[in-house]
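Encoded as structure tokens, here's the structure I'll be asking about.
For clarity, chains are labelled A, B, C and D in written order, and residue numbers in each chain start from 1.
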Amino acid sequence: MEYPPEMIRGIFTPNIVPFHADHRINEGELRRYVQWLLERGVTGIYPNGSTGEFIRLSYEQRIRVVEIVMEETRGKVPVLAGAAEPNIDMVLSACRRYADLGCRAVSVTGPYYFKVSQHSIEHYFRELAAKSPIDIILYNIPQFSNEISLGVVKRLAMDCPRIVGIKDSSRDMPRFMDTLNEIKPQRPDFSCLIGCEEILLPVLMMGGDGGTIATSGVAPEAVMKLYHSFLSGDFAEAKRIQFKLLELIATMFAAGNFPEGFREGVNLRGFNTGRGPQTMSPHELEHFYTIRSKLACLLAECGFKEAAASCEGAPQKLDAMLERIRRRLP
Amino acid sequence: MEYPPEMIRGIFTPNIVPFHADHRINEGELRRYVQWLLERGVTGIYPNGSTGEFIRLSYEQRIRVVEIVMEETRGKVPVLAGAAEPNIDMVLSACRRYADLGCRAVSVTGPYYFKVSQHSIEHYFRELAAKSPIDIILYNIPQFSNEISLGVVKRLAMDCPRIVGIKDSSRDMPRFMDTLNEIKPQRPDFSCLIGCEEILLPVLMMGGDGGTIATSGVAPEAVMKLYHSFLSGDFAEAKRIQFKLLELIATMFAAGNFPEGFREGVNLRGFNTGRGPQTMSPHELEHFYTIRSKLACLLAECGFKEAAASCEGAPQKLDAMLERIRRRLP
Amino acid sequence: MEYPPEMIRGIFTPNIVPFHADHRINEGELRRYVQWLLERGVTGIYPNGSTGEFIRLSYEQRIRVVEIVMEETRGKVPVLAGAAEPNIDMVLSACRRYADLGCRAVSVTGPYYFKVSQHSIEHYFRELAAKSPIDIILYNIPQFSNEISLGVVKRLAMDCPRIVGIKDSSRDMPRFMDTLNEIKPQRPDFSCLIGCEEILLPVLMMGGDGGTIATSGVAPEAVMKLYHSFLSGDFAEAKRIQFKLLELIATMFAAGNFPEGFREGVNLRGFNTGRGPQTMSPHELEHFYTIRSKLACLLAECGFKEAAASCEGAPQKLDAMLERIRRRLP
Amino acid sequence: MEYPPEMIRGIFTPNIVPFHADHRINEGELRRYVQWLLERGVTGIYPNGSTGEFIRLSYEQRIRVVEIVMEETRGKVPVLAGAAEPNIDMVLSACRRYADLGCRAVSVTGPYYFKVSQHSIEHYFRELAAKSPIDIILYNIPQFSNEISLGVVKRLAMDCPRIVGIKDSSRDMPRFMDTLNEIKPQRPDFSCLIGCEEILLPVLMMGGDGGTIATSGVAPEAVMKLYHSFLSGDFAEAKRIQFKLLELIATMFAAGNFPEGFREGVNLRGFNTGRGPQTMSPHELEHFYTIRSKLACLLAECGFKEAAASCEGAPQKLDAMLERIRRRLP
């Protein structure tokens, strides 16, 4: 099948943001990190996603992160900029700025904090679509913000050319199947991206267009190999990698408040990431360093030698912890 | 790959139970229905599943349903009998009866109604495994009963030969991926069955062993064709059928209290199913007949001519309703 | 204000069921326990509530429990019998039996396991009300079974004389306030009972009619003193007791799977309760005995000397555990 | 009982923010509104609460709202300023500004959007308490942001003099009872405020210190009369008002996305409130105007003549709608 060249497909990395000890963004490391990702062939970059902790930054910081990413990517890859600002005027301001910077599209969640009706959410995106100077990706992440129901997604896809796709982080594969089924026949260029690392391959096999995959910020080599194996029809290899990644993914989720495990993964790949704005308690940090060691071992096993030094001894099994995380307990 | 001959693999039909108007089980129709399923080649039958409304039957009725299924199948196909009784003594009584009847295995949910700790759930299944005269399938359906966490499943799979598989109806594909990854390498004969129709194909492609698929009780021809297409490597055809089935599935879920839509699907295939024990209000019945008509059209489209007569005019789109259902609203 | 003499008001004890080691009901202890409760002046008995683990008994056992309670109470106090059977025919069978036995009313939850629409729930209770030979109390416990929404409760209260009240265990005081406000002005004899020990006094003060209070099965002296202090206008004393009971309540909830802590409370008052049908793991039992010791100390402090012997040393603070329970974690 | 003079007690109004049609804050109306509230005797003002839609404003707007409130109140009443900023540095910046402005205290929610562990939340508040130049009220609103568990609240109350109270909007009265019971004996000056209008009176009667009550921004006369009736021991009158307010409260919640109903209540009291940043769909607006009419009738009934003109005809019962809201459906 032929796709229009501008269609958003492939693996986008929702980059973590490195910080200095005084909580300022470490711009130098961010620049170096983006270059490193580009060298490893990710399809595009996705600043201000949940992995980028947009919600914990100031408006000015969010803009700054995208400026830096755009300065580093310089048009070489498409950039999807998260623009889930507190109100529609601020979203539109961000949209204008990101359009000026040359981003490919913005990504916008449903409103967060308050529960908002689906009618209002549809109305909100229709207004955005009418006024935005840049293409919009719907960002469905019902764990953290109001769901954008499939009915709403479908109507928006049919009516709003500015809305060019959905990034679905709901972890709900049945819904993703329905999304493909109800939208693609009528609008094949509507990008259906998954935001759940564990099911990237099944999503691709069923016709999804790719994903925003936090793990691609830690092990871009592996995720891109999975993707290219899929594209070239080597299903066995793609499957092998997908399963291989599952323990790494679970371990990063188990490390503590999201996205600290993913940040630590980047750290183990050789970046001075610092700690995120949401600090952990001393008790949690202790636990965190145990996980870090396991994470280092897993990365070393994947062939990333820079992590090997941090793999200390035989990390004890972290099953109980992993289970807690999987069951989404606090 | 070779599988042991007794391993539980394939498509098992969780049969609905037909009722007389006076609420007695319509045994004649149940027999005729089981024969009809056998003729259409389903791998096995799964009485007393959620689709079989085990929770709304008396203990005696549950036993009776399995007796009838065993009399009709006569060893031609494996039967998994739901045995989620109110307490462990009653579960074991049912296990003994189902063993005597020649069932292949029983399926047992986590305890329902009360919240129970994972420790207690693990202890419960260990005790069952130690005392049961018949193989056990864990039935994970956290929507309706206590979740059986993956950690518990894994430990049970490693320690208890009597526990031979899991049927996962959680609709949680990331969890299913983790289940395959954490159990299969150490116990490849542990059956991993999905209980979510929308993702049957992706599950099969990733290494799942099959499923208990309510839709196979309504359109067994289609579901078995999907399965055999997958087995024979015709992925394109399997994918076509999987997507084709999605609207049918959504419509049956949208018809009202589960499993009334599935029962009505069976009705449209030519069985006198009656209504289930949980009656609908007059207002809901009105709505139900609109859905029934749409359901008939979808079945007729699939080539099931007996349904065509009930497809009246152009059924208006049921999007709002489908959306409600998808979002699991009451 | 004058109330009709048959109106259901006061403190009803949802009795635990004692078991023999072989899982049979310990009928002798159950009889002795009911007599003990009567001697301590509880308003009435409520067999087959959640505390009575109706869901873990067989149909025959549930009937038997009520028979025993009726034989012991012999009309001295009103008995509300839980009749939440698997389907409407079985509910009505139980209703007929409980009417014959002379129970004051039955209590029926919304359907459990499956999600059922509010329309169907209303229809279900209307049908019950039309056919039942005995008064019905709605039992709202959305943690474990389908909620009975306030709109449904209100319409049933207005239309169905057979439905004489609600027992609300939702722990939702704002809803209870709305219930009083929307029903009492039009039907003052509709009993509004709370099933949440922690808020018994505020509920009474705002116009509630009483409660089904599991703690009254462990410390009937204290709960009845609270109630009588309230009735006689001694608000300060009632408040003192309510607060005094909170730690006891929290400790019983923290003891393990409900209702094991309450059963153990009864045990500490001098009854041979045995363990319930849902067994705990060895690991949990260890923890349980720590809690038991704390529970014994709390009961001893309340002046129940029979518990003193089991209060060993200084029980360490169980805050973490209590917190888990309060936050309803598994 | 004697309370220290600086203790935070009474009724604080979480003010809505009026907007111009172009989405700028209507500063003139905000000033006039604050004066109107002061004239009606509310204990204090609480800008940047959920009712004040802090989450939908920019950082600069939040600061501006507090500046205006401080300019209008000029020390006549205590002001609690919401300071739930995206990260700890921004919270502390806001704290310093609010301290300089002379606010009595700030109120801070648990982190929102991401799930954060209770350990991290405790650590976060400890750090805030150590660095803040102004007293802190914990704001527990688990519907919208991470819960602050009772265990955490208790430890913070015992260890941190800067943390002077909790505002609990969880609607969880059993938890509020436990809060009073576990904290007051050791720290009687720790303010326990409720943020749930429906249970203000029971909370006061059980020993709560007051509340942040959105309804006091619409009907301050009624809420203050309830409060003063309680203080003067006229329980019957306080109870009458509490019940009288319930339908008004339910109607404002039913009007649409929170806090539109409360904003409209203020509008009906004679203020040019405009619409909030989260717009409604045309379909919802239609519905909204029906509710508005009912709201006007209820306010007119309470004796607020300015609302009478908007009470058109006999508003039909809004039961279905109210029920949806009560059950917290989207």
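In this section, contacts are C-beta pairs under 8 Å (C-beta built on N, C-alpha and C of every residue); 3 or more make two chains touch, one makes a residue touch a chain.
The shown structure was predicted, so the numbers you read here are calculated from the model rather than taken from an experiment.
Residue-number overlap of contact pairs with A-B passes half for only one option from B-C, A-D or C-D: C-D. With centres defined by CA atoms alone, the chain at the far end from subunit C is A. Taking the mean of the C-alpha atoms as each chain's centre, subunit B and subunit D sit 48 Å apart. We define each chain's centre as the mean of its Cα atoms; on that basis subunit B and subunit C are separated by 35 Å.
Across the assembly, subunit B contributes residues 118, 147, 327, 330 that each touch 2 or more other chains. If you check the complex, the residues on subunit B that touch subunit C are 23, 50, 55-59, 86-90, 111-120, 122-124, 127, 143-147, 256-258, 277-284, 328, 330. Put simply, subunit A touches subunit B in their complex at residues 118, 147, 149-151, 154, 171-175, 177-178, 180-181, 196, 198-199, 201-203, 205-207, 239, 242-243, 246-247, 250, 319-320, 322-323, 326-327.
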